[in-house]
Structures are given as C-alpha cells and as structure tokens.
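You will see two complexes here that share chain A, one where it goes with chain B and one where it goes with chain C.
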Partner chain A sequence: MPKVAYFRVTPERQQILLKGLVLSICCVLAFCVRLFSVLRFESVIHEFDPYFNYRTTKFLTEEGFYSFHNWFDDAAWYPLGRIIGGTIYPGLMVTAATIYKFLHFINIPIDIRNMCVFLAPLFSSLTTIVTYLLTKELSNSSAGLLAAAFIAVVPGYISRSVAGSYDNEGIAIFCMLLTYYFWIKSVKSGNVFWSVLCSIAYFYMVSSWGGYVFLINLIPIHVLFCIITGRFSHRIYVAYTTVYCVGTILSMQISFVGFQPVQTSEHMGALGVFGLCQIVSFVAFLRKKLSAANFAILWQTMLYLIGGVVIAAVLVLTVSGKIAPWTGRFYSLLDPSYAKNNIPIIASVSEHQPTTWSSFYFDLHMLVFMFPVGLYVCFKDINDHNMFIILYGVTSMYFAAVMVRLMLVLAPVMCILGAIGTNHVLTSYMKNLDSVQVVKEKKGPKGSKVDNTYPAKNEVVADQTYPLKNVVAIGVVLGLTLFLGLFATHSIWVTAEAYSSPSIVLSARSGDGGRIIFDDFREAYYWLRQNTPEDAKIMSWWDYGYQITAMANRTIIVDNNTWNNTHISRVGQAMASTEEHAYEIMRELDVDYVLVIFGGMTGYSSDDINKFLWMVRIGGSTDRGAHIKETDYYTPTGEFRVDSEGSPTLQNCMMYKMCYYRFGQVYTEQNQPTGYDRVRNAEIGNKDFELDVLDEAYTTEHWIVRIYKVKDLDNRGNPRT
Partner chain B sequence: MSSESAYSVVAKFMEDYQVKTSQKLKIIDLYLGYILITGVIQFVYCALVGTFPFNSFLSGFISCVSSFVLGVNLRLQVNPENAKEFKSIAPERAFADFLFAHVVLHLVVVNFIG
Partner chain C sequence: MADCVYRSLFNVLECPNLKLKKPSWFRQPSAMAVFACVLVSYFIVTAGVIYDMIVEPPSVGQTVDEKGHAKPVAFLAYRVNGQYIMEGLASSFLFSLGGLGFIVLDKSNAPSIPKLNRSLLMFIGSLMVVVSFCMARVFMRMKLPGYLLS
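Moving on, here comes the complex of A and B:
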C-alpha cells in the first residue's frame, strides 16, 4: 500500500522523533509549572533579594555596562554607601539585559519587569536540556530523558526558580550543569576543545553565583579520587590542567572574585591537585622511560627534594598570612556550629538552618529512594565519569543536610542518579515482560523432585531464574510507573501550594470562600514614594531594604546585603532601646522615617515582633549595644510575652511602641478584648501610650506596614521625652 | 653513591631522549623550555620588585603556566605512543584545539593585564 510507505519511518528516525518530542514536552512543562503565582496574582517580583537584582538590571539597561560595573550606590547603607559594581555576581543581570536588548532589537517590546519575572522559568527549560545531555553522557539516552522529566518538576529546584523569583540560583543551576556536561565530555574524550568550553561555562557559573566554590572543589576532588584509584590517565591530565588554568584566569575577571582564586583557602584545593597532577604525570613519564632500578634511584632523590620544597612553601605562606583561612560563610558548612556561636547574622537567616528529614522528602519525593539505586548502578560499572557523579551526589548530600538553601544543589544530582537507577530497573524488568514460561518434563532419578529450573540439554529456553518472570516484570513496571505518576502529582501540588507565593502580596480565604488580597507592602512603599521628600532616609530592619530601594526609591540605612554588622547592630539598638535612647541613634543616622511590619491585626506571622529577638541579639553584639541584654526582654520565667506579664523593658522599647501604637483600641477578634494580638495570641500589656519622638505617618489597610516620621528637634531645645 | 647513580641515570635519560624522540616532539619540548624560562623570569622579577599591580603579574604568570600546560597537552596528544588513549584526535585536530585554547587564553590575559 503506497500510502503507508510514505509514512514509514525507520526505527532510528522514530527514536530521534520520540526523544525530541519527549524533551520538548519536558521543556514546556518546566516552563509552565513555574507560572502558578503569575496566574494567581500577577507578574510581580517575589521576596526580597530579587528586588535588588531587578533594580540593578534596570540600572544596567538604562545606564549601560560601564556605569553598571563602576556603580557606587549612595541610596543604601546611609551614610556608608555600597559599591555595587564590585560586590555582586553580574551574570544574572547581564543575561537578563542581553535577552531584553535582543528582544527589543527584533521588535518585541517586552517590559524589563516581565523579562526578570520570566527569566528563571526560561532557564529551567534550558536546564532540562542540559540535564538530558549530561545524563546521556553518563549513562544512556533513556536515562537522560528520565532525568530531564525529573528535573522539569522536582520541587527542590522549582522552589528557587519559580516565575518571579529573579535570583542568582535561577541561572546558576543551568551554568553548573553546563560546566559539568563539558567537564564529563572533556574527561571522556581528552579533547582540549571541550576543556576550553568547560572553562568558559565555568566562567559563566562564576559570574552568576557564589556557589561556584562548590564546582572548583568538586572537580579537583574528582581528579584526586581518580589519582587515588589508579584511573589517572593522559585524558584526565589534559582535561583538568586546561580547565584549571584557563578557568582560573577567566574567573578572576569578575570583580567580586578578584584575586581570591590564588589567595583564599577555598581555592587552594584546586591548586594543590593541579600540582599533584603535574607530579603524578611526570613520575609516570619517567617510570615509562627508565628501567625499574634506575627509576627507583631517581625516585628517592626527587621525593625528598620536591616534598621538602612543597611543604616548606605551604608552611611559609600560611603562617605569613598570605593565604587567607576559610571565610565564615563556607567555614560554617564544614563546622555547622560555628555560625551559631560566632556570627549571629549568618545564623539568623532562615535559609541557613539545617535541613529536616521532612524537607528532603517534601522536596524530592521518590528520588530519595531511587538515589541509592542510582549510586549502586554507578558503582557496579564504575569508570571515570561515573565516579564524578557519585562524588557529586555524596558531597551535595552532605551540604544539603547542613543548610536548607543547598537543597537546590542536591536536586539535579538526585534527578540524575534517580533517573539512572529508575532506568536500570525499568530496562531490566522490561526485558522480562515477554519471557515465556517453558514447562518441560525431565527424567530425574527416581524419588527426586522433578526440577524444572534447569534447562535440558540441546534445548533453547528462556532464562528461568525464578518463576512467573513476566508477571513480576509487569508488576514492577506498573509499580514504578505509578510511582512516577505520584512523583509528578506531588511535585506539581507542592509547587502550587508551597513555592508559588510572591511574599509581597498575600492572600487569604474569607469566611464565604472569597479571596482577600493583602497588598499592604506595595501600598506602603508607594506611599513612601509619593509622599516623602526625595532625600528622605528610611530606617527599617534589614529584611526590607531591597524592597524599599526598588519600589519606594528612597535612601535606606541597612539592607539585605548585610555586609556591615556594626551598622545593622546600630539599627537593632535603635529598635530595642527606649524612645529617648533610640531618638539619639536616629538623629545620629539622619533618619526621617521608620518602617515596621506588624502582623497582629491580620495574623501575619513573619512580622517584626517575631524577628525582634534577633534584633536584640544582633543589637547587643557590638560595643555600643552593651546595654542591651537578651534576658531583659524575657519574663522572669524565661518566656517572651507581649501581654501584661511581659518584661517592662520589652513593653517600653521602641519596636513595641511602634507596632502597638493605637492597637489597644482595636477589636481584632470576636470574644477577645481590644488589643488582642492574633499572632502571639495574647492581649497586649502596654495599651494606652503616646509616642514622644515619633509621629504616625501611615498605616496600611490591614495594619501590616506602619510608617512613622521622626520628629525634628524641639523648637526651644527641650528634650522630647 | 646514590648521587653518583642518580647523575648517571639522568645522563642516560638525556641520551635516550636525544635518540628516541622525534623532531616534532623536540620542537614542542624546546617551546616548553622557553615558556618555563619566561615564567621563572617573571616570578623572580615579581619577587624582587613587589606585587603591585598584582593583576598584571598574575595575568603574565598565569599566561606562562597556561601556555606551558597547553603545550604539554599538545605534546601528549600528538605523541604516537599515546594514540590509543586519544582515539579520535588526529594531530591536526589537536593543533587546532591548541590554537583555539590560546585565542581564548590570550583574550582573557589581555583583558586582565590592566
């Protein structure tokens, strides 16, 4: 039949078509599943850090790269200012600005905000493709397709790359997997071309995220393990030396990284392995050229000579301080108690807390179980590149356990190893789907059991290691398919419920099922933008700094960059002291307006009273805050209470007064007295008071954001309190 | 006694090298020696004069180290003894990769040298 002949596609082409189809579906799925918040609310930037990235991207598109690279921002950290050009990773902003300019060039006038909102989902689609390529190199293309499908929906990755989450991790994972793909290609082929591409991808990774330190330590660890297990070959030598040399000099082009690759301990591992590579190669070269006896003689002299020189050099450099020790942020990964005891700011960030078991399952679902299977499969046929993925899996497992934020680094390797494991199981059992049970009679010795498990001679039968092979195979395949379906359902549910909230807009269900939107944050920031003088300075806790500069366009005292602990401590002292003392601090910092977040009216629990103890701790951690002791703010029994039993220091501090001003006359819940705080579930203690040094400037509709104006000095110089 | 043997071993090694290595490899080895000397000169100069401006020193020194490493890689890939390890890489391909890597390297070095 002629018609059928035209449509007949060869099996190879069918495969390519099928793979292409599955991969495109994964890409589209990866993009679409991240759009929940855009559909439910609007296309708005989420959280806090993305607002800074958005502001810098806008600046880049308006002013150009040179001004961006040399930008000194005087609107943040008043009166210190912040060197933005040299303290950020510009990859994200440059990527967004490039795509924006390109789209404008081809006459698609996309708004910069929309560009920023949708960049992360776009890069998730690209990550899907790179994961497919990487897993194909490690195993085969069917595992690759599974890995692509997994990473399209895995919640651990979605949490940081949802539409609106315009943060470094959105593109960093793509860059990381791209670097790993090129690394595996260069290890497998020994080609300098792939190694140079790996260095360029590494440069892109360095420009996008501070987590590049993980890469520059993982690749040397891989090479080290290859040396130790005797797999070191010319290919690995070529690959690593090229990647290290070209990659290092490329990474130093980013101002924020600067000279760190040759000065800090975090990068010394890579240098050490580089030196080791040279030595091992040279020794192998000599061993090949010389006879055994000659070699032994030369070996001894060389060992002492070179060993002595290296050890002396390292000692001298470390003792003289030329090589900096591990910085706090990374040291706390190796010693998790370090931050808690020494650096309260790092310890207070919620993303830096250790991960719970439930988080692992919540973020990874079925992959938690398939990950060991994949590890086993890799161990079974171990070779150079399998060793890499095993190391990646094990190290990221450790780091994900130390810090919740690093779950993101674990998600891709879980997908890859889970895919390898699932693929292995599925292919093994699918082969058995057609196995036929051959029952034949055998003449055994009298009295013995007729054994049907061994094939008779001269008879070709299917392998019968256990009975009912095809039934078991059907069961396993169906079971795994069910798990995969459950994984997809779980992931999409998690995305919809847990990871799609913009944080800047809140919503709740009213009693009749309708939706109430709390847009208080933007309401307050726009009030600031429209009703305060242009050079007004706003004091708030550091969480809200980025949002205030981006939306209200006013100068702030401290923001999320948290680079100056003393300055933040000063703000903490102002919040935690009495009005009189706080007024001194506010006059010193030239503060015009103070902003607090208060959740007691609506039940919004991430408000400043709940963060207050951190303000106290940080405020009391420097010299000038020595009068602030945390125990003063607790009751004699050690509880933190806001009702009449609470400590008097707490009830007279400025934060308390700012949050609860006029709250004592408000009914919040039925059957409760006035001034009932719905978050702490208590009636506040200090109800009717007046503010001496502040004027209430604005309170938003649901009382979530409260803005106060700092009063000027009294006309006749009398003290205000 | 061991130093005498070590010396004789080294002498024998040099003789072997002269005889057995091909012309192509000797040229590459000469190039590597030149790079090494340049690197040593730079390092000694920096040690004498001081590290300011550090980016220029780093740029020049890393350029030497990287050129050396890329030269070694080229030598490894071109050497017919290693053919079974680098299965699909013809010497011309190795040289083309060498050039590509040098273009990238020197673009970065020129940017960094300040």
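Moving on, here comes the complex of A and C:
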C-alpha cells in the first residue's frame, strides 16, 4: 500500500517546516524573555511616560476616537492646560484600543491595563517576523533566521520593549522595519503596489513615533547615493516618487505632524531628492531624444540655471523664516554640544547622554564584532538594497553614539548585518565540512610518482594548499556556535538584571536574604487620590507629573511633556527659593499640595536632592529666576554638600526643608548620628527647623515620597514667615 | 525692443568664458576603500569619542592606595554609562580587531592561496577573534564586578 507516499516530506517541505519551526520558536522566545518584571512583581506599568500613554488609552477606550482626537486636558500644566489631541502620536493608543476592542468582541474580557502591559512583547514577536522577511530580501533566508533569533533577544531592543514598558518605541521598531521591508521590495521590483504598501507602513510609523524623521531622511539618502553611484533606474524612480508623494500626504493626516513635512528643514532633504529624481529622469529622457551637441548645450544651461534658482530659493525661504531651521532635539544630534550649552532640559535627561563603549557592548555583545563582517559582505557585492542597509548601519551607528536612547534604532541593523556576516562565515566554512580527504598520494618505486590528475570516481582530491581543511572548519563552526550561545546567555542575564525593573516598585535584599518591596510611590498616589479634594493642585518636579495624573487623578502644575520651559522654571524657582519667596510662587500657581521624593532613609539615589541642581539651573534660566545662581548652592570650595559645611542658601531652600523635615530625629544606620543621609553619606546640617508655610500631610512608609499641604493665607493678613 | 536693451547691455558687459570641468583626480572611490573609511569611523565612534567630547572625563581615573600614593585606575567601575578615555579606545580597538579577524578568516578560505600564507592567515585570524572576545569579556567584568555572576 503506498500510504507512505502521502507522508513523505520532500526536501522543500522539510525546509519550510524547519524555517517555520525556528521562526515560531524565535517569536515565543521574544515574548517570554520580556516577562521578567511581570513574574517578579506584578503586571504593572513601568517608568513615567507609559503612565501618560496608559491614561490616554483608557480615555480613548471610554470616550471614543473623536473625543480623544479633540481632547483638551485641563488637569495638567495648571493653569495652562494641554492640547493632548494635537500633541501626541496616536498610533500606540489606537493600536492598543483596537486590539482591546477586538478581544472584547470575541468575548475575551482583558483589562485595559493588561493590554497595555503586554502590547510591547506582542509587537516584539511581530518584529521578529518582519526582521526575518527583511533580511531574506537583503541576503538569504538562513541569514534571515539568524537575524530573527538575534533580534528576539538583543538587549538594546529589549530595554525599551519589556512587558510594562508601554511606550511608543514598543511598536515603532516594528513599523520602521515593516516600512524598510516594503521599501526594499519596491526598490527591487519597481512596482507601484509595493511602494504604496511602503507608504501605508510609513503612515503607521509616523503615527507611532517622532523618530519617523530618521526614515524620511534615510530613504532619500539611499536614493541620493544610488544616483551618485550611477545605479539610478526606473525602479528606484517609481519607488521613491510613489513613496514620497503618498507617504507625505498620509503623514500630514496626523495632527501633531500637520504641515511640518513642507515647512521644516528636517523634511527638506526628502523634497530635494524628490526634485532631483525628476530632474535626473528628465535628463536621461532628453539624452535619448536629442543629439549629443544639442544635449551638451541644454545640459550646461539648465545646470547653471536650476542650480542658481534652487540655492536662491533655499536662502530666501530660510532667511525669511518660512522654512524652520532644525529644532532643538534633532539639532542636538548633529551638534552634540548644542544641548549641553543651550537647552538644560534636553541635557538633563539621562537618556540623551552620549554613549560609552560599555553601553555598546552591554546592549549588543557579539554583534559589535559581527557588524564589520556584515558590512564587509555587503561592500563586497554592492547592489541597490545592500547600499540601503550599509547607509542605515552607518547613520544609525553615529546617532546611537550621540544619544543612548537611540541605541534602540541601532539594534535592528546590528542584528541584520551581524546575521549577514555570521551567515557568510558559517556558510563558507560549512561547505568545507563536506569535503572529505580520502586520496593519499600514491608513491610508486623510488623517484617516480603515480599520476594523480585523474582521481578515482568516488574520491575527492585533497587540496594541497589547504591543510586540515576539515578540522579548521569544525573549529570555526564550533567556535561561532559557542559565541552564539554566549550571546544568548549574556542577553538573558542583562534582561533579567538590568532591564526588568518597573521603577515604580523597588526591591532590595534585606540582611537575612529576604526581599523588601518598596511600594511607596503607589502608596502616596493612592493617598492623594483618596484624601485630597477633587480639584486639588499638586506641585512636584516634572518627572512625576504623568504618574500623578494617571494614578492620583489630580491636577498638576508641570509634567514630563516639558513643553513650557518657563512654567517648569517657575516650579524650579519655587523649589530653590526660601519659604517666603516660594509661598508667593505657590499662591500664584494655586498650589494645594507639594510632593517631593526623598531617598535618604532608604538609599534610593534618584531622589529630588540629587536632581536639585537641575532645578536650580532650569529655575535660574528665565528672567524671574535671575536671583537664583547655581554657585550660591555650593560650598566656597565648589562642592555640593548637605552637611553642616554646605551652603546656607541650600540649607534654607524649600526643597531642603521639605526633604529633611523631622529627618534630624531619625536613626538611619548603626554607628551614625541621627539625620544621616544614606545617599549623600553625610549627616545633614540643618536638623531642627519648623516649616512656616507648609504642613506635613503624608510621608510614606520608607520616607520615599513626602507630601506637604500649603497653608492658606493667615486670618489677619500677617505674613507667615 | 528688449533686443536693444540686451544688446546695449552686452556691449558693456562681457560674458566670462567659463570652462568648468570635473577635476580628473576626482574619481569614485572603490568599495573597499569606502569600507576602510567606515571601519575607521566605527573604531572612533564605538570608543565613545562623542561622550569624551561632551562630558570630558579624565584619560584614566585615580585612586589612593594604603601608602598614600596615587594609583591610576583604568576602568570607571560600577557604571555602564560612564567611561575614561583610554578604556574606550582600548575596547573599540578590540571590537574592530574581532571584526577584522573574521574578515581575515573569510579571506583565508579562498580557493587558491599558497599553503604558508593560508596557514598564517588562519592562525592570525583565529587569534584575533579569540583574543578580542575573551578580552572584551574580561574588560566588562572589570567594569561591572557583578557581570554574569548574580
């Protein structure tokens, strides 16, 4: 009975089965490796920005898309308010809300918080698949599988897409790689179909992250390099023209982007290359139609004329201000010292610092070695799509060096080029494994050799120039496999130790090995939610704004959006001034409660005293804060100290008093006096003082969050201080 | 009418006889030359040179030992986001060395190379790869004392 024939799996089917199996394992791995914090703590949203995204997603699912799109939030940036509908990238919220609605439709009632927490790992699995497809287009499917495996675990990508990190980058990388995949397909095929798909993917990318500016500059740079190296063909013309036109029109549908694609310098490169494409195609068309001499005359005239017109137009438009110059965040990528010297808010964010070698190695491990190999393989046979990945690699390498946060953009291209390189080395050495050295030189009588030119049918001639071919091949293959295994170990270790902390819940090991959980943040926010009037206004440093609005549901003065430097500076002035001066500012802003973070009791080092110098710098950077000078807060020798040798201005400012109120009577460590600050490792200078304009409202269990109520005006009009 | 204006204008002005040509030494560089430049820039960038320019750390750190003498410290320990200049340059040298080692290994696998050259290339290539991997791991352990241990 020929039953066996139905179940015989042909080699092609075997290959497909194997590829499918490896890809599914990579997808499952990508999802599971991001779940450490959910397993250790609970399904909670991390950090600061995700809380804003969570709040907006909740609003979207409850109120519908039109209310969301037209939302003016009066609970933030009191008394200014914030136009949320027009100042966010809605892709993330719309994606989460769509999946949420779909799951509810098929009767899986998942909570919106869980939806937000697990969205990033889900999209990581999808990114794995897209990386495979992209690398398959660039090289071959075995490199694709390697790239999929790399990107499933590479720490540089995991750091921004763990479960709980509900931020734009979680879906932005998926959208970016999808856009690149469709772009490569359209360049290779020259079809309008793929180009339109690329534009739609680009629209999804624009809706999800501000980093879309990178795409709209990389694709024109690719086209420009193709023109320069003489690879311009009708395929690239069709691809770029379609992508630019359809993509730009679609991108302007996002309110936040608006008319920027035709007004700002960041998008002018794309427009310039678009014009250049048309000119080059037209010139090629004319060259075919005209005779050589006529063409030469026409060419020179048009060159000078159009060159002059374009330069004049750009100059006029830039000088008259119609085309905005490169803005702060993106300009600091081109000139890294700009933010440090001019915009303290951008310079103060730790993610915006330049990258060190250890960040590269920590986030990429083996890929930093394989990246040059992949580049070498691409440079060896350059064609249209190889050039694209080379440009992507080189530009993202530079940008990742300027800003640590952009390591996220470098991680996918490191995976792709690393996979291409590893695949190349492995393939070329695996081929050697097949050749078996069988023939030994036959020696005839002394002085003569048997002719070996025609070996026997089943024997392979040993390569005389290649000793130990088999052994070397085995060595290299085993070595690379070992490195791949070490990469996996390193990535899992890094994920577990460094990138899985929710930062809203802290944990530490106590002396006897048990775990202590510090849940002070949520404790304080829920106290605010349940014990303050609904219209209470909370003043805190801008870091905590999003968390307060999302969890405590109260109005705040400044939050992480940092769109108004003057308002933040006012808050900084209040924190850095004496109580009397700060009281004026707090009455002006209608503040009811003030919230500070203090780590001196527990040793939590990201507290407000460590951020205080930034408050001073930002507070002193506007007109009304001219009385605040940074040097006043240092000792005469230039140190920042909180003990008795510290500057008196520091010891009498409101932040100091709020953090250290009643701290002078507390023992924190053995063998140390009372009031020993465990972060600054010093006994505080000003211990015994009373607060004139504030009442202590709440201090959490481990003194991490302290809330003060602002006293009302005195009954008989006397000043409080 | 306009003809007269232009004619009188060009009686005074003379068109410059511009012959602008692309200089002959301006040729498109070969692919491998560009690759060499990219590799040099990779070395510079992964050394954290931009961090050095902005933050201006010292070339090596300093610590005081028991006798009171100042001892140099190579690595800024316990922090992944800080470095001294020398450690950055040393590490990026290792990264580039590892990449070059693999490229040498690939070149030594070509079909017809004399036996001595091939053995030498293989040896050097494997040495570069192994040394750079192990040294990078050691450097990371020196920087983060708890690396791969907890």
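In the analysis below, the second predicted complex is superposed on the first by the 686 of 721 C-alpha atoms of A that agree within 3 Å, B and C clash if a C-alpha of one lies under 4 Å from a C-alpha of the other, contacts with A are read in each partner's own complex, and residues count from 1 in each chain.
Note that a contact is a pair of C-beta atoms (placed from the backbone, for glycine too) under 8 Å apart; a residue touches a chain by one contact, two chains touch by 3 or more.
Nothing here was measured: the structure is a model prediction, and the numbers come from that model.
When the two structures are aligned on the shared chain, A:371 is found in touch with chain C, with no touch to chain B.
Legend: residue contacts after superposition of the two complexes on their common chain; A:362 is shown touching chain C, with no touch to chain B. Contact with chain C, but none with chain B, is seen for A:424 once the two complexes are overlaid on the shared chain. With both structures placed on the common chain, the touch criterion links A:490 to chain C but leaves chain B unconnected. Chain A is touched at more residues by one of its partners, and among chain B and chain C that partner is C.
Within the superposed three-chain model, A:402 lies in touch with chain C and out of touch with chain B [touch as defined at top].
Of the two partner chains, chain B is the only one touched by A:191; chain C is not. In the overlay built on the shared chain, the residue A:478 is in contact with neither chain B nor chain C. Once chain A of one complex is fitted onto chain A of the other, the partner contacts of A:262 are limited to chain B, with no touch recorded for chain C. Contacts of A:250 after superposition: chain B is touched, whereas chain C is not reached.
Shared contact residues on chain A (touching chain B in one structure, chain C in the other): none found. By the touch criterion given at the top, residues 2-3, 5-6, 9-10, 12-13, 16-17, 54-55, 58-59, 62-63, 65-66, 69-70, 72-74, 76-77, 82, 85-86, 88-89, 93-94, 97-98, 100-101, 104-105, 108-109, 111-112 of chain B touch chain A in their complex. The touching residues of chain C, counted against chain A in their complex, run 28, 31-32, 34-35, 38-39, 41-42, 45-51, 53-55, 80-83, 87-88, 91-92, 95-96, 98-100, 102-103, 105-106, 109, 112-115, 118-119, 122, 126, 129-130, 132-133, 136, 139-140, 143-144, 146, 148, 150. By the touch criterion stated above, chain A contacts chain B in their complex at residues 189-193, 195-196, 199-200, 233-235, 237-238, 241-242, 245-246, 248-250, 252-253, 259, 262, 286, 289-290, 294, 297-298, 300-301. Residue ranges of chain A in contact with chain C, taken from their complex: 229, 336-337, 340, 350, 353-362, 368-373, 375-376, 379-380, 382, 390, 394, 397-398, 401-402, 404, 421, 424-425, 428-429, 432, 464-467, 472, 475-476, 479, 483, 489-490, 493, 497-498.
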